[in-house]
Each structure stands twice: as C-alpha cells, then as structure tokens.
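We call the chains A, B, C, D and E, going by the order they appear; numbering starts again at 1 in every chain.
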Amino acid sequence: MTETILDIRDLAIAYRVAQGEMRAVDGASLAVPAGTITGLVGESGCGKTTLARALTRVMPGNARLAGGQALFAGRDLMTLPEAEMNRLRWREIAFVPQSAMNSLDPVYRVGTQLREVLVGRGGMDRRRARARAEELFGMVGIEPRRLGDYPHQFSGGMRQRVAIALALALGPRLVIADEPVTALDVIVQRQILDQLLELQKGLGLSVILVTHDISVVAYVCDRVAVMYAGQVVEAGDVRTVLTRPAHPYTMGLCNAFPHLDGARGVLTPIEGAPPDLLAPPPGCRFAPRCPFAVDACRRQAPPVQAIGGTHLAACHRIAEAEALRARAARVETWAAMAETVA
Amino acid sequence: DRIRELKLITRPQAAQPSEFQFAQIIAQEWRKLGLDVKVEVMPWEQMADVVWYNRDKWDMTAWQMVGRPERSDPDELLYNLYHSSTSAKGYNFVGYSNPDYDRVAEAQRREVDQEKRRALVFRAQEILAADQPVMMLVHPRSTFAFDKTVWDPASVVNQGGIGIKNFWTFVSIRPLGGQRDIVLNSSDNVQGINPLWISGGTDSWITELVWDRLLRIGPDGLPRPWAAENWEWTSPTSITVTLRPGQVWHDGKPLTAEDVRFSFEAAMGGEAPMYAPFVRNIAAIDVDGDRITFTLKEPSAAFLTSTLAKINLIPKHVWEPVLADLATREENAESHQEKMPIGSGPFRFVSWTTNEEVVLEANRGHWSAPAADRWILRIVPNAEAALGMLRSGQINFLADFPGDPKVLVDAAAADGDLEVVSTTDIGFRYVAFNNRRAPFGDPAFRRALSSAVSRELIVKAAFKGFAEPSNSIVSPALPFWHDPAVDNMPTGLDLARQILSEAGYELVGGKLHYPDGVRETLAE
Amino acid sequence: MSGMRQIAGRLAQLVFVLWAVATILFLMFRLMPGNPLAAYIDPTFTEEQQRILMARFGLDRPLWEQYLIYLANLLRGDLGDSFFYRQPVFDRIMELLPNTLVLTFSSLIIAYGFGIVVGAWLAWARGGLAERIVIPVVLTTRAMPEFWLGMVLLAIFSFWLGWFPAGGTRPPGAEYDSLLALYASRDFLSHLALPVLTLAIYSQGLPLLLMRSNMLEVMREDFVTMARIKGLPRWRVVVLHAARNALLPVATSFAIAVGYQIQGNVVVETVFSWPGLGRELVNAVSASDYPLAQGAFLMIAAVVVVMNLIADLLYGILDPRVSHA
Amino acid sequence: MSGPRAGVPLIEAEDVAMHFRVGSALSALVGGRPALVRAVDGVSLTLMRGESVGLLGESGCGKTTMGRLLLRLLRPSAGRIRFDGEDIAALSGAGLRRFRARAQMIFQNPFEALNPRFTIAAALAEPLENAGIPRAEWAGRIERAMELVRLPDPGQFLARRPHQLSGGQLQRVVMARALLLDPDFVVADEPVSMLDVSVRAGVLNVFREVRARLGLTAIYISHDLALVRYVCERTVVMYLGRVVEDGPTEAMIEDPLHPYTRALVAAVPTPDPDQSHAPLPIGRGAPDARNPPSGCRFRDRCPLAHDRCAAEAPRPTRIGARTVYCHLHG
Amino acid sequence: MPEAMDASPGAAAGGLAGRLWRGLRLPLGDPLAVFGLMIYVLFILTAVFADQLATHDPTEILYTPDYDLAADRRPGEDGYILGTTSLGRDIWSQLVYGSRSALLIGLTAAVMVALIGTLVGLVAGYFGGWVDAVLMRLADIAFGIPFLPFVIVLSAFLEPSIWNVVLAMALVLWRDTGRVIRSQVLSLRTRAYVEAARVCGSSDLKIVFRHIAPNILPLSFLYGSIAIGWAILTEASISFLGFGDPDTISWGTMLQDAYASQALSTRAFHWFVPPGLCIILVVVAGFLVSRGYEEILFPKLKE
C-alpha cells in the first residue's frame, strides 16, 4: 500500500500523580499511512489526547515517556534532540486543538498570530506572510479582511477554521487534530469536516483525527484506531472496522450510537466504567466489562493480531469474531453485565 | 460630701510628651491623697475650645505659656492672666479673682518708676504664691543647637529667657567657612508671612527678620532703639521717637515717618484684629519730619515693649490700596498673602514653598546687615529627622527640637561638631485649677494639691532635668523682675495632707471628703 | 458607540460617588460638636470680631444653606478658604498634589517594574528554592508598617551612611525655574530616593504576587501550549504569550494601586517631611482646619475614584476581548 | 398521582418571551436602550398529558431558557404559561410548593447538579424535606426511586459524595431525585451530553423506561436529532428564540418542512461509512441573539429566502399533525 | 441504609457550632498556613495570659524613691526584661499588653469586615434587583473613600481610641469582601445544584444557608484574615501619626512613643524593634492563613 508516514510502536506515556505513576498511554501501536485521515476514537480518559500530544513532545510537566517509539518518516520523534524536534514542529507536524477559543491567544489579532508562525517559523518576509495569510483564509473560507480581528470576534466554527488555517500555514506533512469539532453544533461541525476533507484531499495531507464520535470517523476517516484504557485495541480501514468489528469493545461502541434512519431499536450501553489506570486489571483491560470474557482474558493481555489486510485487533477470541458480533447485537448480552460490574 | 472625680486635661503624648508625662505623674501622686483623678487627653484645638469657651465646665488642665520677647516685661502675664477683669472672656480663664491682687496688678502697669514698679511686681508674685490659683511647675529650658564648624560660637547671642534662637543671633551669626547660609528647622508649617497677622510661632521668626520695628527687645530683655534712633517720654502719656535716617524698603523706596504712622494706624483699624490689643492705648499719632509722637490714653509702663517693639513697620505704598480694598470685603488683612512680601528688615524675602521651606536673603543695604548670606527655614515635622539632619549637615542650626533634650545633648557630645545651648525660658508650664468650680474655690485645697507633688520629680521625670522648678510666673530668666522669695516652695504628700486636714478635709474610707457642712455645688 | 455609552455611564457613577463622599465629609465636619473655628479665635477677640470671622467662612448660616453653598462652590472648583492659611484651599492643594503624584507614580512604576519581572520569573521557576525564599520575604515586606520601614531606611541611608537627604524635595534654598525643572534635577532625585524606595518596597508585593499567580494560570492555558507546539522560541512563548496575557490584570491593578498608594502616602510623607497632600491632610486634621482637611480628603478621594475608573477603562483598552466586543 | 389522560393539555405556553438585559442598568440610564438578548421570543407550545417532546436547536437558540421558563425558574418578559390550567406566574406559597413537587428537572451536567458538599443521601433528602414528607417514609421512597433509575444496591451510594460516583451513576441519582416526589412533568436538559458514549445509552434507556412507566409528561432538550428521535415522538425545532417547526419526530426526519430542519437533518452524522457527503443546504454564518435579522430569523442563512422573508415573520402553518413557520409553506 | 440516612440530613444540620467549625475549614494542609495559625495561637495565648506575663503595669511611670525616673533602662538592667522607655515605662509589659489590643483590633475588625461583607455580598448577590443596586452603589461610595485618611478624620472627631480603626474598617472595608462575595454568589447562584434545590422546592433562605453560604465561608475567612493584618497596620499608622489612644497600649503606640522619643537616634533597638516584629509576625500570619484559604478555594493553584 502507501508508505507509512508515522509508525507508533508500543508507546507508553506516564503521568506522575499524587498516588503514583499512571500510564495514560500504555503500549499503544498505530501506523498512519501517508495521505490519509486516520481516526482515533475512544471514550473519555482513554489517552487519546495524551497520545496526540506526545507526538508533538509538548506535554504537561508531570508527563514522562515510559517507552516505545514514534517513527516519523523514519526518525523517532521520542528520542530526537529537542532542537531538531523544534524544527519539525509545525513545519512538518501541525496540531489543531479541541477548543480553538482557548488555543488562540486572546490579545493578538489572528493575522498577527498567523504572521508569527509564517515569519518566525516559516522564515517569510512580512509581505509574503501577508499574502500567504490571505491565501490560507481563503482556503478555509474566511474573508481575508477578518485577519485584523481578534479571536473572540469569531464564532466557534470560524475559530476552528482559523485553527485549521494556522495548522496548514507552513504546509506540514502531518496534521494532528484533537477533537476539532466536538464542541460545535451539528451544522457547523459538518461544515468544518467538509472543509477538512477538501483540504486534505487537495493538499495530500496526512491527518490524525482524534474524536470520541464514531459518526465523525465514519464521515471523514479512511482508517480508524480504537483506543481503550491507553491501548489501541483495534485498527483498520473504516468500513471494515465499523461494519465488521473484531473487538468486543468496538462492537459495543457501535451499538451505543443512535442512528437517524433505520429501525428505532434499543441502544445498548456498555455497562461499567473504564479501569483505573493507576492499577489496571491484569490481562485484557476490557475484560471486566466484556460479556464474552473468558478466563484467559482475565489472566493474560491479548496480543495485537492481524485479521486480514491492515485490520488488527487485540482480543483472545478474535477467531470467533463473527459469532460474537451476532451476540453483541442483542441487548440482553450487554444488560447481563450490569449486575457483574456494579 | 465626698469629692467627685476630678478631670485633668492634657494634650496627647505625640504632641506634648512632657506635658502628657507630668499630667500622668501628678494624677498618680494626687490619687495618693484619696482623690479620684482622671487624665483626659485631647488635642490642642479641643482643649482650647473647652478651656476658653466653656469656662465653668472643666476642672483642671495642663497649660503652657510660651516665651516671647515682649513677655520680657512682666505686665502682660501679671495683668492679663490673673486680673479679675479678664476672667469672663480674657486670659484669666482660671477665673482667679482677688481684689488685692487686682489693685497691685493695675498699679504696676501705671508705675513708670522702675524700682517702685519692681516692688509691686514682687508683691503680685507673693500674692499668687500664697493663693496658688494655678499649680506652677517649671520654666523649661529651651534647648537649641548649631554646628560650630559652620558658625562662630562667639557670634551666637543667647537672649535671656529666649535662648540662642533669636533675632540677634540671626543678624550677627558669623560663618567660619564657605557655608554661609543659616539652614534651620521648624516642626510647624508656616501659616503665612504677613506683618498684620500673628499666626503660628514659626511665622513670627520670619516676620521679625523681614519687617523692622521701631524698637526691639534686646538680649538683656530690655527694649532698645532700632528703626527709631531714640525715644523720649515727654509726659506719662506721650512719647516721641526719632526715625533712623536712610532706611529703605526692600523694593528700594525710602521708609518715612508717614509709613510708621500708617503701620500703627493699620493695626488700629479693623483689618488686623490680632494687633488691635497692642495699640488700644494709643490716642493719637503725630508726625513731624523724622519725629513721631504717640499720645496715650493712660500711662503705660509696658508701652515700649508691648507696642513700639511689637508693631511691624509696613510700606504705605504697598498696603494702603490693599487695606482700602479689604475694607469693602469680609476678609481682613490676615487673608492677604503678599506674593513678594516687602519690609525693611535685615533679611529680604526670597521664596516660600508650602510645607517645605522659606528662603530669606541678607539685606546688604540694611544699616545692621547680617553676616550670613541666606536664612533658610526647613520644615521638618519630627524631632528624629531634625536631629538626623543636623548631624548629617543638612541643617546647621537646630531651632526647634520637640524631642528629648537629653538625647540632643548626648548626640552633641558624641558628635563633637555640635554645640547645644539651653536657656531658662520666659515661658512656663503649669496645671490650671478652675477657681470657679468646687473644690478649687478653696485656696487651701489648691495649696494642698500644689504642694503634694515634688517639683524635682516633675523636672526629672517630665523634662529630663531641662527645666527649672518654679513657683512664679515671672521667669528667673528675668532677674530684675523675678521674686526669689517665692522660690523653694516646700512639697510632699505629708505636707499636703496636713494642709487638707487643717482646712477640715477628711479621709473617709480612703477617699477625700469636703469639710463638714460643705456641700459640692456645681453650676453646670 | 456602546463604548462611549459605557464611559458616560462610568462618569456618571464617578460623579455620584464624589458627591456622596463630599456629602459625607460635609456632614462629618459640620455635625461635630463645638465651634469649628475655636482653635482660630483668639480670646481677646470681641464678639463682633468673632462674628465676622464666622461670617468670613460662612459658618453663620443654617446648615442646609451651608451645604448648598458648599456644593455650588465645589462645582466651581472652589473648596473654600483654609482656616489655617486663610488662603483658598484649592491653591494649596494644587501646590502639593504634584509632589504627591510624583511620589506615588515613581514608586509604583518601580514597584511594578520590579514586581512584574520578578513575579514572572518566579512563575517560570515555580517550585524552586527561589520561590521558597522570595515569597516569605515579599509577604514580610507587605506586613511591615510603612513608617517603620521608612524610619529604618532613614536611619541607615540618611543618618548613618549619609547617602541621601532626610527630607523635603530639594536642597536648602535651591531654586528652579519651574516644577518640571525641579523634578528633572538630580537633587530632586536624591530627595526622592528614600521615600520612593520605602513605598516601592512596600508596594512591589502586590504586582509580584499577582503577576506570579496570573502567569501560573496563563501558562496552563491552551494557547501557551499551542505556542510551544508551534515550535516558537521559548522566550517568545513566555514573554509574548504568557507574560503578555498575565500582564492584563496586573496593569489594571496599577491604576487601583495608585488609589491605594495615595492614601498610604500620608504616612510616608510624614516620615520623610515630603510636602505632599497626605501630610497636609494630617496637618489640617490636627489643626482642625476643616476646609483644608475636607479639600485634601476630597482630592485624594477624587484621585482614587478617577483611578478606579481608569482601571476599568484600561482593562477595556488592554483587553481586546472587552475593547473590541 | 393521577394517571395520564391523553388529550388533556398539561402545559400551555402562549407567546412566551424572555429577554435578558445585558450591560449595566446605569449605562442604560445614560445611554438609552440597554442591549437585549431575545433568548426566547414568542414561543407557543402545548404539551398533552403523558406526551414527551424533544426541544431541538443549535446552541444558544433558547432551549434551556424555555425549559427554565416552564419550571418557573425564570419569569417570562411576556406571555403566559399554564400548568394544569393554572397560571404559574401567579403561584406562591403552598401552591408554588405543590408545583415544585409536580414539575422537575434533570440537568445537563450531573457533576454540577449535586452539591459537592452533600452526601447522596442528603441530596436525596432535600426534596422530601421540602415537600414535608414524614421522615419515616424517606428511606422507602429513596429506595424506590433508585430502583426506578436502575441503581442496584442503593445502599452503597447513599453515604458517598458526588465525586465518588461515575457520570452515568450521578446522572441516574439526579433522575432519581427528580422522580422522588412522583412528578407529572419533567424537563430534561441535554441529560447525556456530558456523558461518555458507552454510558449514554444506559441513561437514555432509563429515561425512556421511566417515562413510559410513570406516564410522565416530558420535555427533552437536545441539539442531537438522533437522540431526540430515540426518546421522543414529537419534536419542536427552535431557531434563535422562535419555533420553526413542530411535529412528529419520524415525519420530520423523513421529510423536513422548514429549510433549517432540512439542514439539521442532513448534517447529523451517522456511524455509517457510506453516508452522503452532499453539501449542506444552508449558508455559512452564525446566529446572533442580540441582533436577529428582521422577518424570518433564518433568512440570512436560508438558501431559499426571498423578499417576503425579510419583510414579515412567518405565521404558523398547519400541515396535518405538523406545524411549520415558513413562508414557503404559507 | 439507616446509618447512611443518619449521615445525610444530619450533615446539613448538626449544630451551629459544629457547622461553623467545619465551615472554618482551617487550612491545615499547607505548612505555611499552619505556621501562620501557630503564630496566631502564640499571640492569643500571650493576650490571654498578659496579666501573668507582664512584670509591671504597662502605663505606670516608674521612679526611684529619690525621684529619679527609671527611664532608658537597657534590657535586663534593674530587672526590666526589655528595658524601659524614656518616660519610664516597662517595655516588656507594654509588648505583652500590646498583644491584647492587637488581638482585639484584629479580631473585631476581621469579624466586622468578614461579617458585613459576607452579608452584603450574600444579600446583593442572591436577591439582586434594587437591593443589589443599592448595596452596590454603597460599595461604590465605599470604594471612593480613601481608607487611611478616613480613619484619620474619624479619629479626629471621635475620642482617640483603637475602636476608631475598627469602626472605620466596618464602615469602609466591607466593600472588598462584599463585592467579591457577591460575584461569587452570582456564579454560585447559577450552579446547577442551586437551581436543582430550587426545583425541588427549597426556600431562598434554605438555599442561601445550605448551598451558598458554606461555599463562600472560606472566602469570608480569607478576607477576614487579611483584615486582621490591615487593622493592625492601620492602627499602627494612626498611632504613628498621633491619632492613637495614649491610654491603650498597642504596638502602634509603642512605636510612636519610641519614634517620638528618638529611639532611632539613641539606637534603642530593644524598644522599636520588638513591636515592629510583633506587627510583622501577626500580619504575615494573616497572609499565610489567607493563602491557605486561597489554596482551599482555588486548588488549581497547587497542582
């Protein structure tokens, strides 16, 4: 297939907290093919942001690399000297944060913030920077005259577009977008996603899109990786993963989403809560909530296995996926867990 | 009847540390006689309001008379303070009334013969000593210092009863080196620089230097010729002075006898109320060339001191239009601050910066021109800073020291460059009894209270030894007028108790009671 | 447009507050027992002379009439005549106000310059030894009575070392063409040094602590993280993004601090014989010079109120979120 | 509690408006008109007993405000709201207390809906205490309510404080608290938007179940059409403080009448990789509640707007069981 | 279940004293704040046992039988622990009794400022409307009043007394507390759980006291502990300027006395350093405690 622009191998990131060390990301592996949008989904607290931020190596003070690699065009981002890493930042790897309001400095005009990057990081002179800024605004569909406005003068959707423009400023190869549409209304969300798609196709970008919404993944992504409790439990191309999930967690997740059309069937919750990362359960981390867990699951962590092509999953019962999917579609399967996990 | 709680008023420690201190001591001692004494602290303004305007509302107050050159003549104090005519509104706020005393006080003021007058003044002091209308405490010693590496100590004049901070010093003080400016301090702000307004004490230092007077009180306490070359009593009610020739105002215009007449008439007119009492006795002023004749309404022994040496000579060409204008308005001359005050004195006005300094410069054209170049008064609100500035050379003449004199003396001893001079003052400190009000109407009671407290303790404890115990309002600094017979009043608690019991007062249950049959009545 | 309206609203509020303060003052001074002029009436005055003096200061009229006259005069900038100086209060105050303002502003500028830099640095070096030393020291400086600090500095630098003069604004007898010439002179600076140092030591704590905690807060903001992710140089992140944002409330607090400082000057002006408004207020109150005390108080209050207003406006100007709403 | 009687209105809101004044009163005094936010601007709404209605619209369109108005947490600037025939603005004293017992709310953020300083037991006791229920009955009632919301073994939660519970559990406690007094009417303001996807379904299921079992009249506020569809038969769509469409949910999804509803339906993403990527039938731009456009509020974003839309506000048009506010259907 | 029920509404009732104590939420987690509290305890003990600790009547003028004032004694001389003043009073005893005034002024001022400010803030913030408008206009006025000058003017009218400082603080300084608490109440009022309490029928009074007040109490204490320092500093300044009460021994009057008696020139450190240190210690203690409260209130500062 296409070349892999980013290859994350067994990455582990730990936070120092009062009670000890917490591995928010614990042995996550993920390959991002160039020129695609890869979705990273998972519920709150499973380590999506931690993983995404780790790729920029700008992490909270109490975070620490606890192992693994992230090969970007062959070079390990985790061991790159800081000066070299800094050269990569934004020119090669850009970032679109979740809340554009807070990620734009409120006291500078957006034009100034664009220029800061274009001049300071891109080495352009002011005239070229100006032209490029206007071009970027055009690309994301904002009138160039609004370069003179302050962030708070934009609506939420427009701010998100500004953030995208900022990310594209230096023509990076990889854009990491951490929940770029979560806080937005559906209509605006859709508009932004359309924009993102268009730009990605046009520029041939590689994008990692972090989200907790499978619908968003379904709408824009080529590939998807599902995270649970700090690990990637399933990855593959979107169609395969969403229609034929191999990991019970992915199955549950798909069942928990209401559809707009089709039968108004009953939604199925995954009972229980993700494990405490300070003391994760032995074996498969999903086992306590999994209706299909067997003894092996509780004893031993399942390895990541290929199912076919690029479809990977980490489950002991991967061979029975077909059968499990059928059982997972029934509400009773999951409801039975309610008693166990409470 | 038991004697009620008596209140003793004093000013705050911050303003008057020694007064506050002696009030505390006195109260502490009187309590040992079986009296309830409460010390009440109030700022000067409030105290003045109570004492002057509510004359039957208070019991006792600590009080102070300051020494001014014109108080070198005993008349003002003897007459104004205790003559019964000034009891209702005037200075006799204690309400002392004794016909014998009134007669003596009146006689001395008319007696032009020095020796006879002296006998009368002595008599007055003896009556007061016996009656004790107030409890005299001390004549403090005013203490000043200067930098003897800057000024020739021999050129510093020590004026009797006033100290070295005086007119004569400022005129004659001689620089030793390049520093030729007199830089002195005051803790009070300058209120105004105005020859027709008796404002703050500090202000008078300035007016004395800028405006000349016909006579001035000399270092010996006696009047001597100044702008007038001489004087002559042509009758008990008529005196003629001759103006010194060649005097000019600071603006260059000549000083004439007309100016002199104008100056006195300005004080007699309504626009300078504070000077009015000093010229009240003048019936007429006649000018004849350089000679000016004052006709008095009645003979006055103190006329030279309290009038001729008091009234500032002001230029008619400056003040005539001003006074004419003021006559039409509510304001009087006190509100008129000249931008550039014009006098004829040995110093000329240069500048005044509010709350900071007043600068005068030597009037080289004056017939008695000063040796120094400038006279610069710095406002330094506290003693600590003043002393520090003196030691570090930021001032060279300590003209006002509200602090502890002992500290000053010690500092001078340690420093070596400073000379401290202390002089017994004309002014004095006392505790006034309200003679109108029981139990102070009884001279025996007053005598007892007065003799209860050792003056030595007061001198040591409140004045650090920088005061002279006193039983006379006429200062020992005026040896001619001071009656030594009243000195050395015996004191002691036993003596006080004896006086009280002789007068019939009794101790019941540790508390002092009135003599039998005497009831306490207060006209509230 | 709405900005103008807001300013108009704040101005109305300012006038209201000043009116209220003036009224409170008036009532306090007039309802006090005793003759307000007692300290200035010599007992030798005749009834007539006393009456004239009362009339001279308008004290012979009924209270409400005095109040109306007082308000009318205030509107014309007439604060009445001082009992003590027998001169218009306004002139006195105008003579002293510049000295007080110079003292206030220079000390605050130093305090803020120092406090902002050190506060930012402390936030930067968070958790280190510096923090454990500097913060208690800063708290202590704020806990010192200003006059006590002034006294100690005076004793050390003026009396003992003789480096600086002990009081006033100028050497004895020095003359200057104008106030500006005085303020520009070296002499003035040497006189200014100690009082300014005292006030600055006392005032630096506020901006320092404020800057530090704001910085800590801002450094946690997403846009600072983003600036780092953008690969911007470290100094740019700290100075242009973190510090620039943290500065907003500190800058606003400057105006408010001017208001606070000017009240506190009362003490320092007394220690350093500084001819300013605060000391004059103390003098006036001690001397029962009500018109002057009232005028000085009102003037200080006016500075306070105006500074509060400026703080508001400043916030609007400095923070685009408000100014470009 | 009386059983649900279909066809009898429980809530009737007539032309209700809520205008918030922003900016200070003083500047208004000086500068004339204060800025007004027309959060709700003339909404009429009738709910039959036992009916559950979804209130749908984008952020800031006035959904929450409407909900709070119906519960008398706000007093409307205009219009009238009747609950069971009684004007709720007139309620006070005992009447108000009765109303408070009958009309309840489920909050958006369960982490904030409970006082962090109270134990769960104390939080649950509060409505009982206010309603004057005898203490002896408390435990029983609490247990029943906890069962309703499927919190098995309630005993283990009661002594805990909110931060010791998960979001899903908390939201159920909040529901239990709303159900303690057997209310007739419940407003649920985006009760799952703060919850994780995996637990959302559980809460929604409980909500559906309880509603059906108790015959509750309910308003479900959301901006997610898929969720509304899951719990409500009828949906009211709001735009900038006004209703634009009102009718059965399924019909609305099948065939949205109002251009805004059409865009809304098209924009909802589904977990289906083959969904349409067709451009949205709506212009860009953001609604501003301070300066809404004249006439139809949606006209500046509407691809079909014509002159009349700017001139007059559309009147409600009934089409079968549905009502639409649009000139295209006028 | 029953014991859980006991823990429930009981937590809301539980006796006023207990509730206040819990409301105090002493910042015991922060070592510096604990240090501050220890300083408080030390000074409180000193004030309580002043009679036992003092060796003399602090205002008595001490002199020998031959009328020599026992003045300017150095520490230890003639048995005077810290020496005597130049007016012959025992410094140690003054220092000990000074803690009483400090405590009195500090605590009453703190209570005044915290109490008035809290009430104003609660009422204005919760009820809003014209009550809020009136109270906030009053606060505006109070913000326009320069504090120290106000105390000076006030002391000039009333008899010099340490209570003037307290009175002035009560009249003026509630403004900061009031405003901050009001804005806090405004934000608390819109908290979902307050709204929830309303929905379930709680009365305004109940909401204010049960849900809002407990959350702002630490804020009141924060301002209260700052006010302690303010009051003591203000009293010292006022005394220094000569408007203090000479009959009440306070550290401020001691400093004033020392200054007026040129303790600086005579290098009588034993006289002017101890009261200064005491002031600094108590005020710093207030700061430390208030910072402790700050960390309770805004725990994000810690991290």
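By our rule, contacts are C-beta pairs under 8 Å (C-beta built on N, C-alpha and C of every residue); 3 or more make two chains touch, one makes a residue touch a chain.
Keep in mind the model is a prediction, meaning the values are calculated, not measured.
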item	value
Least hop count linking chain C to chain E through chains in contact	1
Most distant chain from chain D, judged by the mean position of its C-alpha atoms	B
Inter-centroid spacing, chain E versus chain A (mean Cα positions, whole Å)	53
Separation of mean Cα positions, chain E and chain B [Å, integer]	46
Where chain B and chain D are represented by their mean Cα positions, the distance between them in whole Å	89
Geometric centre distance via CA averages, chain D-chain A, whole Å	32
Contacts with two or more other chains, residues of chain E listed in rising order	156, 242, 259, 264-265
Chain B, residues touching no fewer than two other chains	15, 43, 382, 384, 388
Chain B-facing residues of chain C, complex	34-35, 38-39, 41-45, 49, 52, 55-56, 81, 84-87, 92, 95-96, 151, 154-155, 158-159, 162, 165-170, 172-173, 175, 270-273, 275-276, 279-280, 283, 286-288
Complex contacts: residues of chain B adjacent to chain E	12-15, 17, 20-21, 24-25, 28, 39, 41-43, 382-384, 387-388, 403-404, 407, 410-411, 454, 456-457, 460-461, 464
Touching residues on chain B, where the partner in the complex is chain C	15, 43-46, 48-49, 52-53, 89-91, 93, 181, 183, 189, 191-192, 197, 273-274, 276-277, 330-332, 334-335, 337, 350-351, 353-357, 359, 374, 376, 378-382, 384-385, 388-389, 391-392, 394-395
For the chain A and chain D complex, residues of the former touching the latter	43-44, 141, 155-158, 185-191, 193-194, 197, 212-219, 238-239, 242-243, 252-261, 264, 266-271, 273, 338-339, 342
Touching residues (chain side chain C, partner chain A) in the complex	221-223, 225-233, 236, 241, 244-245, 248, 318-321, 324-325
